[in-house]
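All chains are identified by letter, namely A, B, C and D, in their written order; residue positions are counted from 1 within each chain.
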């Protein structure tokens, strides 16, 4: 697990990277995801969210830490476990809940739901129901960033299980060959559905990236500051060098593969490392008063509850309006 | 390019590997392929062979050297450039020419032609019109070898350009994960159709194999003895260890990508390294009388000519007989 | 006779096939330890071991390609592709390789393999987890395509598919998995290609397959109340499909409706209708009507999906529309 | 007016589209330096540079997926998949991603991209290099499918496809590439979805597309000699297809034949026939006949392939068979 020189130097000098947001801000963003997903779990259990949902509890540090360095014109392609990515990239809670509840004013007008949630206005190119499906889309988006000029970049998130899919390898090769400004971010939670990924993938991403000659960086994904600092450096590098890099974070999938998964197969009985608890303990250490933190948490909870309540009142979409958008009309382009 | 210890030791002791056939025999097999393909080229130019044909001139050392260690129950899956593999594995000249000329008594009854030539009775699972298409088939065949018990193995041949296809990576992972007795043989001729593979693939197979933890061996493919010795060791290893290995040979594609390709794009003006000339020079060195060699060559030429003449007289297939074999009848299994 | 669910009938077919033929192997993602995402393969790992019930990494094209190699190597692999939407990743292995080898190699070898997958909506799984793509495979010479609708057929046709020396795409409808029913004691492997008359009738023929057969039966019930006697044909196998059975029914009823859950346009129903508009033309007393999903991706939202799914009511209306 | 070949018309369409819109990019295997396996993209690298004419490694699924990302990023990628048979490797990107994003994201963005590929037999390219798979794509909501038959249409429809804000599969027939003809001076982009009456007639309607249109014209010639006036409709776009034009012709002729090179069963012709057996039923004076390839992989051998390919003669016979 290489570490950028810049990050090490900065840590030595200042204790933390001045370019990344304050920890309290990162913490608040993680709490937003956690609270939103808690509500998702409850709404799912109550039958108010239909379909399949994959919660990212335990992985918020990656979403928040990586997205802290991105701009709205940077693009990301996500996975089936995409709530955290979407919210951290800027999808609002209203569009989010309304989408998951299948409402007409959801981010995708209730046609996609959890596995396909997207907000192109903030550069979020969609969760994806296909493992590896977003990787090549991000690659194309990265090529668009390059051809447009400027210093934008694309990111694809993917899980450790996705490493078995050919598309990831095709994309690594092309990214390096064509010098595409794309950051491959692997959220390694050790699981591929109900199977330990060690039974599915025989290589490490670090060695693989080395074979491709793509710079690789890895870190503990449950420490949001570490993630943010490393990501800031690596994002910066991709912006400047206009070529790919790989980032891998060790994370914990706290809940089941999807909601409703009893996780009986799970043998790793050690308590999960929770990025929220890690950050919270550090805030305490740094002397941030508990009531201040609790006020932030309460505010987020209220905001989430408000969004949920509003989503409940939102109208259902009609089949006619859906039917009208199977094809884009001629004027949509240009 | 690692070399097996055994091969080095044997070379030191005996000058050559006693388990591999005499050079004169290897040479004769290469001449058979070369002469057969020469006829293919002529028949193609004359319109007697239709379709697309991809000749393997320059790569005979790999086909002959690798196949020297295989048994009939070992299986191989080949590529679009599969003539050499097929003939070396044991497909007869009659079945070969009749197939390429589309005759009813061709190896595949004239339904496949050059790109799909196969002879399951000698473990040749087919050339393949899809780049990478044979790799997973060989993987399954290797798993069959493993599950059947015994010490059989499967081989997939593929070109350097195929390294860009996801299926190759999926297969490497599964081969190692499931410990499948399969030998991945890359014929690296530096070209992927009309493009130098250096513009298409950003990694070396050696480094890639290392990432997967799969033993890798490489050698000069234009020296048939080197190929045969190395292959003997590696095949042996796969037989014993019941797990995958990777072999890569540097070769030269002497002719165009396909017949009719003028190769105007080709900048590598150095004369190709021809495995037949290499072997022939060594036979001279070793004092094999030229007339003996020429007699062998003449015999092969006559044999090829006889097969071509016979193929010309062979009957054309009928659509009815083809239509009758779209599906296997129930009694074919078990 | 045992009271089971649809998923259990499939499990039992796999179990019995594995017990009777040591060459039958299962490969798929999370099918062994986890027993399958829809629990269809539960218990088989314990019974047959990890050499025959094989958990695979997420690499659908390689899994399908391996099945071809295993089939050529004398085994009868049954692979599971978790959702039919993921079959998009297996198309080279199935279409260019599995489907063609027997023909293309001049009949040298059969390719006995089965791809089990599931299709269909009703679970709000969204556009990439609900598609019915069977028409693609039915268009490919060399493949067979089976879509069972009942427990007995799930068992009998899966046994038949495993016995068949050709590559078979065996499609389960996800909404049927929990369906309770009875598995007959005497059910055995059924050769592929024979339709089943699910309900005899004389006024109109309703051809269907898979989950939609149940809608067709409901429609027939309703029509009976209106004095219309509908014959319901369950195709069971859509490639090859039982043209003779459909034609015989049409010759009796002179009116035809074809219904499936897949998108109507360019779906399986198009072939059946087109064929009958040729060979059954003289029998037809009215237009051939089709019932299928509208031309859009399967939408996620609850109400949207309900409105999207073809229903018994639409079949009834289609039957009325055949009566010009 | 210039005397050109079919391949040149496509080249010119690409050239003009790139000249008029800097967002148009080409990606594909050996399309830049080598100018394409069939020389269709020759000269474009020199004219537009390596940033816009991009040689890609052999990785079809990634190429197609990248096109989606480029389209979302404001470009209009035109990718080349060398043989339609290799589209099997792009199905996830095209079907699960490209086709669905506009709908599935609630209309947030269009996905303007074109996949150029070529299909068809006649070159003895064998089972994995000759397939006509357009029916697959026509079945997928969100995709458009175009198959031109003339030089003018190759130009006009490709310009139309590039202008279209949706993912379009643009299919060239490999046997047409060397076809000589005239490219009209005034040819411009044509919106997709409109059929062309290739020959007016009054006794029977022959619907076709792509290379088979030329067989249909030859059949019409022969029929004229027998006193039968055939109207030949060139669909040009098979998704969406011009239902109104076919119905209008049928209302005039009352007899219908649909012909294509693809395998007949479950092919594009099935949808057209099925639809007319519904909405055109009252107009029909005889069975709807289809002409397509037999249900087998495209065989390699010269005589085999000739016998396999559907011909004008078969169309003539089909026309006769509509007259019961």
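Definition applied: a residue touches a chain if its C-beta (ideal position, glycine included) is under 8 Å from a C-beta of that chain, and two chains touch if they have at least 3 such contacts.
Everything numeric in this text was worked out from a predicted model, so none of it was measured.
Ranking all chains by how far their C-alpha centres lie from the centre of chain A, first place goes to B. Contact count check for B-C and A-C (C-beta pairs in contact): higher for B-C.
Averaging Cα coordinates per chain places chain A and chain D 40 Å apart.
Centre-to-centre spacing of chain A and chain C amounts to 37 Å, using the average Cα coordinate of each chain. Chain A and chain B, compared by their mean Cα positions, are separated by 46 Å. Shared interface positions of chain A, i.e. residues touching 2 or more other chains, are given as 106, 110-112, 116, 128-130, 133, 164-167, 170, 173-174, 177, 199-201, 322, 326.
Taken residue by residue, chain C touches two or more other chains at 57, 59, 61-62, 85-86, 88, 92, 96, 103-104, 126-128, 141-142, 295-297, 299, whereas all remaining positions touch fewer.
Within the complex, the chain D residues that touch chain C are 61, 85-86, 88-89, 91-92, 95-96, 99-100, 103-104, 126-128, 131, 133, 135-136, 138-139, 141-142, 239, 262-263, 265-279, 281-282, 284, 286-290, 295-297, 299, 324.
Put simply, chain C touches chain B in their complex at residues 25, 51, 54, 56-57, 59, 61-62, 64-77, 92-93, 96-97, 101-112, 141-142, 144, 163-166, 191.
On chain A, the positions that touch chain D within their shared complex are 75, 77, 106-112, 116, 118-121, 125-126, 128-130, 133, 135-145, 147-148, 154, 166-167, 170-171, 173-174, 177-178, 322, 325-330, 332-333.
Those residues of chain B that touch chain D in the complex are listed here as 50-52, 102-103, 110-116, 128-133, 161-162, 164-166, 192-195, 199-201, 265, 316-319, 322-323, 326.
Residues 29-30, 33-34, 37, 55, 57-59, 61-62, 85-86, 88, 123-129, 294-297, 299-304, 307-308 of chain C are the ones that touch chain A when the two sit in their complex.
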